[in-house]
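So, here's a batch of structures to check.
Two complexes follow with chain A in common, the first pairing it with chain B and the second with chain C.
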Partner chain A sequence: MDTKNLLEIRNLNVDFKTPRGRVHALREVSFNAPKGKIVGIVGESGSGKSTVIWAMTQLLAGNGVVECGEIFFNGKNVLDFSEDELRAFRGEEASIVFQDPMTSQIPVLSYSQQMSDIAYRQRNKSFREKIEHSKQIMRKVGIPDTEQRVYQYPHQFSGGMRQRAGIAMALLMNPLMLIGDEPTTALDVTMEAQIIHLLRSLQEELKSTVMIVSHNLGLVAELCDEVVVMYAGEVVEQGDIRQIFHNAKHPYTQALLECDPARVSNRARFLPTIPGDLPDLHIRPNGCVFAPRCKYALQRCEQDRPETYVIEGTHNTKCHLLDSSRDQFGTSSTIERQVSKTETYDSSLKNIIDFEKPPILNVENLNVRFEIMGPLQALLKRNGKRFVDAVLNVSLHLRQGETLGLVGESGSGKTTLGRAILGLVPSSRGSVEFDGRLLTDLSESVLRNLRQDMAMMFQDPIGSLSPRKTVGALIAEPFSLHNKEKKNLEEEARRLCDMVNLPHSFLNRYPHELSGGQARRVGVARALALEPKLIIADEPTAGLDVSVQGEVLNLMRDLQARRKLSYLIVTHNLPVVRHICDRLAIMYLGRIVEQGNGEMIFQKPAHPYTEALVHGVPQPDPDKRRNLVSIEGEVPSLTNRPSGCEFHNRCKYVQEKCKTLMPQEKVLPDNRTVQCHFPLIN
Partner chain B sequence: MIPGDPVSIALGPRATPEIQAAYAAKMHLDKPLIYQFLIFMGNVLQGDLGADVFSDRSVTTTMAEQLPFTVTLAVSAIGWAALVGIPLGCLSALKPNTWLDRFTGVLSVGTIAIPSFLVSIWAILLFSVTLRWMPVIGAGESGNILDQVHHLILPAFAVGLGWVGYLARMVRASMLEVMGENYIRSARAFGLRSRTIIFRYALKVAILPTITLIGIGFGSLLSGAVFAEIIFSRPGIGKLIYDMVLSRNFPVIQGAVLVTVGLYVFVTLIADLVVSWLDPRVRDSL
Partner chain C sequence: MSEIASNKALESAKKDQDIKGHMSESREKLSLFLNNRLGMFGLMLVVLFFVSAIFAPYFATHDPFLMDIPQRMSGPTLEHWAGTDQLGRDTYSRVIYGGRVALKVAAIGVSISLFVGLLLGMLAGYGPRWLDNFLLLIFDSIRSFPTIVLALAAVALLGPSLELVLAVVIVTSIPGYARLARTSTLALKNTEFILAERSLGAHPAIIMWRHIMPNVIGPLLILAAMDVPVVVTIEAGLSFLGLGVLPPTASWGTILNEGYLVIRDTPWPIIAGGIPLVLTTLGFTFLGEALRDVFDPRLRKGK
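Moving on, here comes the complex of A and B:
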């Protein structure tokens, strides 16, 4: 093995035994991690990224087997390690930062206990010394007040802080390699940017080798030196970050990069997608794994497995197109493919916002107040607040055919506002007018009827669908919920299926048999069942891969143009918002701090918070790396609102006045409203 | 309300109407029911549970004498059940589908299914009558600890047996669930020793629902103790209630029931406190 490389994986094959046979989760995976570099493994979910990590640490699930292959770490084959050697390897030589800090840290032990447990190998250190060392590492990863915080428990930390603590735990034994499995996926963009920045500066300081697994192209472009692209259990392309992002050779890599909405600047176009689904990994593919979805597939692609062609230096790819001798075989004609239905959106269908009619939704000064403790409890905790204001004086309007995006970090009150508009949570003050009727005074039964005209699309489609009902029954459910006796529910279900481009064969399946994108389609079909005028969609693409995300967004836009739907989209995903929304409302601590035309806001944010959010998105281009974190700190607790401008403790442009005086809403010349004393444009 | 007029039971059939009326007035039995209840509750709050109708002894004193026997029985029953059941459940969760796991499964179903009074009778037949290893009745000579322990073994065995299976099943299920959690995998990935992972990480989480269950299940534990006290003729609240029901000694029954309920509430509270001591999330939400 090359001494330049800390890790060399050669021809790794991993299977999982399942009742339906073996899943060939990794096939012929080979790549290197050079010492002192940051290597990114990208791929969509199910491509086997995590399996690589678990195979490497020998912690595969019980049904997983390494069929063959070698994993050399620092010159030794990890697969030959004894149980004791493995234990020494884990945490000391290679240490992992996990995807979800909520579930990967034990809730009943404090950080001091967890960290001294990890440091059990340092027998010469006393407990006190271990705690001191833990505090030092926690300070290094940017956790304030370590004197107290080291004794706290995971649930007492916010999401971003927990992930910092996760990094601290991984760094505790000063490992040779730090591995991050989707380290920012569970976090907001603002926290993500901070963690990316932290990882990069730690790597520079410690000179350690880092391996980051992610489906987020922006993160990889911003952080990594080398990239390994995986698809359905195989490495399809690898190379230097610029080679991959600027000169990708494999059709999958190219398609994946194209899909990313952060790269698609033209708003009017439908987003590119990768038609088709991941192959069934129970069957070993004969030819190229990507052949069923590849635009350029050749005749031979379905029979011959492509070998690895070196393009330049470390850049190589597995694709027949790179075979310079291919024309000798006379097999270079691409296969004619039936264009799948999802691609045939009629792009001449333009969405037209109806400016003639009054807005379909009018929200005036809406407030939502939650009681967080009973009167007795409040008495016991003398200084405790009984109520929190989750939504404060929100006014917005939405026209027919228009899309309004509601954006903010988690905890900013977006979802609550959406639910309050539907009357699913009671509002304490203000009014909601929908289609000319004041919802806030209506009785529950009238409201139920009106709710047919406004549908909710939920964040987690599989979780919100009843697992024992078939897709057909689920799609037709809204009819029975609203006592709509349609004569032929099956026909209705088929009609809705067509509308969301779901084949009729899906009607008899169950929710757990659906992929993420298919489940989302069922969610859309259900929302559309009663032909609503307004759809409130809560994070419509959260947890979806980029290639599928485009499909769902395209479908939503197509339906909007056809049926003059209005959308209220609640999300923290800014690239998606930019692509689909006409207007934006930015929320912070329950207030709308900026509202106006989406494109203008993206080009020239007026509120410092908006600017921070817009700049918080990592660009999928290694030449556009940011050097500064756009926003420090975290969203304050609702029980402890800052004085004056509530953003002042995180604002880059803060002045004395901001700390005491709450800014009034200003209307800028381009008709946008902003709550700031010193808006960034005038 | 209950058959048997309290006055005629207390004074016997030969009491004159005047004596009966005087007694009723003294005991407030001539007042409306709600008034009787309020007086009783007022007295309870002052630690006065009334007096025995036959001996005129204070019920509070009787309770103070009898309660320790019942508590000792209940605690030793649940104690040995926990000592055996929790490790059994742990082991079978760590080695699922081995012979030990199957054995524990069968044992659990068996011990849960057999009622404790049957266990008591069989235990007496085997250990006391046939083998003559154990005393049959009573709680042992007062002051002689060894003798008392000797008398405690069989009843505690009988009352606790069902709990062995119950706890083993409960711990097995929650242990299996916890061992599949992400944080156990991350503990492994940090290279912790399996000892630490099992006893410090997994068990600490898996034991929480078990503690709550013991708190809630204390009621059925008490009813098991009542049977055992009757069969083994042991002093205790259960035996007392049984005897007093036969003689319709209402103030004593009333006191005993009240003390039992109080005990139950107390134990549930203790269980909640232990859980919140072990689980910082619960502690913070209080």
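Moving on, here comes the complex of A and C:
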């Protein structure tokens, strides 16, 4: 046991017993967490990165078994702890910040109660003392007005504040190690930046050891000192942050880094991907786990398990390619693989936007208003507002073959706008003109018929598929809905499957048997079944791993080029938007604050909010860490809009005029429109 | 060459695996059910109930209406396995034939109320707000009536009959199904997959029938299995009070009713009429609970 390491995991193997056999979730996992450092565990879904935490805190699900291995924490083996020792260990020596503060905090207890419950073992402290201590910690994590807020309940906190409270609860017992399980995944980019900043400053102040589990390379690059890369239950590479990000040796790490859209700096038409799927963890692989998807795989990689090769210091990796003696085996030729579809996409894409015809979609002054209370209730509450404006005076247009990105934080009304355009949410004012017809005037039954020409892709790839229907039935459904039964449905389903690169064997599966990327492809197939002219995609890459994300976007691009589709892409993920959108519209509190050419907006944002969003994305490069949080505060409630420019209370460049006077829309020389008194350019 | 061959073998192996993966979901449920001992016991009782009621003539030893006055109110004998009643009729045979009444009420009553309840519940959940409020008002008014009092009122107006018992059973159990269907529908209404269907231009009726119904029906079927004993006891209770099935038709309720009058002379009719009632109730309850455990993964215990 090395005293400079707080945590040492050696040869950890964890299995899950399922009715279909044992899943080998972790195999031969070994790594160290040095004292006073921030360690990041990176991996895609199914890599076992969270299982490491649960094994370490002995909180594995009922069917999980630690097969063998040792977990030394501060010199003691956690696996030998008794129940009592474990209780003392969890929360006091190692405590966890969870991904979703909404579900990990108790909704019926105020923070004061939850926090004094955490300190239940400090019997000599009175309730009052515990509350005082809680307030101190809450101040430390940047929660204002702690005197009152400590007595509030989780639902009274906003998302970012709730996560801060989660961190406060984890820090309450002054643990030796703070563990973050995807601590920013449920938050917006702007909130994410604030939490990263907070974690970093807390770590510097408390000199504690932090372990971050995440799929987000940007987050890890911004925050961590050491990185452990996991794939399919194994550690494939580990080392110092700079070594991993600048000098990755394992093909998986290299591919993962390549896939991150934020890292691809030129606006490439097609994104790199990792072809193939995660291996079945029921079967122990004979060779390297990554071999079936590896570009450089040798014959040997499929037969022998690679050993750990030390590259430099703590940097080591498990890969045969680093074996200097490999040539003597005479099998160094790489295995021939079928060229994946992604590589055969025609990358010489010309601009297909049709500027001759009038725009296919024309939205004028669209408003969406939700009633939040009845007229009686509003009378009783006097000051209460009856309505909430989710979308305010939005105008936009979309040409054939064009992609427009609709970007904003959660609560900006972007999803509502997308649904209102399709008439899935009633609009209160304004007009939507699609292909020469005014949708807002049409009756529901006429609109239903018109839906063949406009399709929608939903945020949750699996949740947007009817769970009791097979993939085949789901793909063929649009035909039967629009009385195209004459066509051979099965044949059509197979044709669509080919179009989205889905094997035919999937036609008999049910949605829950699909991975996120496969379900997304089914969603694309359904959307495209009737050859629509417009597709509104709501967060098309949400819930997908980086390696799959590129595949879906490439597919969408390819189909656009071949069928002259128009896309309206609703997202908060700026790096993705940058790669696929021709134009961008930035939304804040239901209004479009900036609209124009995507590349220009990225290079020179005109609205301070756009600037904050563009700079808010963490870069997957440890040398480009930001020292300043680009935007403070959170999105105000829609029921309580700020006066004047609605962004003024978060704006860095705020002036007196902004607080009282609402800015008019300005057209900038480069054809951009912006709603700001003092645009950042010219 | 060999590489291509091995690739093909790999592919077909993968296909097999796909099929297996697909099958194993239902197989997993079946094995879960088969391993539930109480559930299997319940299933056995339920099967026994169905078989004995449907094939009553083969199970009965006597004509249920045949009176054997000299041997009235005898205890169990080799000839009369469960003794005879005050008119000398064979109690065992009457119990078997009584099962037919119980099965009729249970099967017809539960299936009609399940179907109507499902339909009204989905309408209330998916339809406009005013329809929901209107239907809820009706459901709540029905539920606020005690079943027996409602039955008494109906009998007072229309006279006792099996059809009336059925009607009372159906009317009073619809709200239970409808409320369950409505709650599940409300939860489904705002999910993305329903929105996705709407965005494809699906008619509301199609959405309800093809996409909401399959997701709602599971819990309703389980409720139905657990409702069967309730319905059987309502029928027996009403018949016991003389408000249901009329003598001389044999039903478990009338057997109990008649046995009750002669309980000081012989306990056998009461015992023989009560046992099948208890067993059927237990059987359906165990079966219902086992089904719920299998279909609701949240209730499954971790191993």
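We take it that the second predicted complex is superposed on the first by the 675 of 682 C-alpha atoms of A that agree within 3 Å, B and C clash if a C-alpha of one lies under 4 Å from a C-alpha of the other, contacts with A are read in each partner's own complex, and residues count from 1 in each chain.
Definition applied: a residue touches a chain if its C-beta (ideal position, glycine included) is under 8 Å from a C-beta of that chain, and two chains touch if they have at least 3 such contacts.
Source: prediction; values computed, not measured.
After overlaying the two complexes on the shared chain, residue contacts for A:Q459 are found with chain C alone; chain B is out of touch.
When the two structures are aligned on the shared chain, A:F98 is found in touch with chain B, with no touch to chain C. Using the contact criterion defined above for the overlaid structures, shared-chain residue A:N449 touches chain C, although it does not reach chain B.
In the superposition on chain A, contact is made by A:I118 with chain B only, not with chain C.
In the superposed pair of complexes, A:G75 makes contact with neither chain B nor chain C. Comparing chain B with chain C, more residues of chain A are touched by C. By the touch criterion defined above, A:G633 reaches neither chain B nor chain C.
When both complexes are overlaid on chain A, the residue A:G374 reaches neither chain B nor chain C.
After overlaying the two complexes on the shared chain, residue contacts for A:S505 are found with chain C alone; chain B is out of touch. By the document's definition of touching, neither partner reaches A:P144: not chain B, not chain C.
On chain C, the positions that touch chain A within their shared complex are 3, 14-15, 17-19, 21-22, 24-25, 28, 31-32, 191-193, 195-203, 206, 210-211, 214-215, 302-303.
Per the touch definition, chain B reaches chain A in the complex via residues 181-183, 185-193, 196, 200-201, 204-205, 278-281, 284.
Interface of chain A with chain B (complex): residues 57, 59, 86-92, 95-96, 98, 100, 103-110, 117-118, 120-121, 153, 155-156, 169-170. Chain A contributes residues 17, 19-20, 61-63, 280, 336, 419, 422, 424, 447-452, 455-456, 458-460, 463-469, 477-478, 481-482, 505-506, 508-510, 513, 523, 526 to its touches with chain C in the complex.
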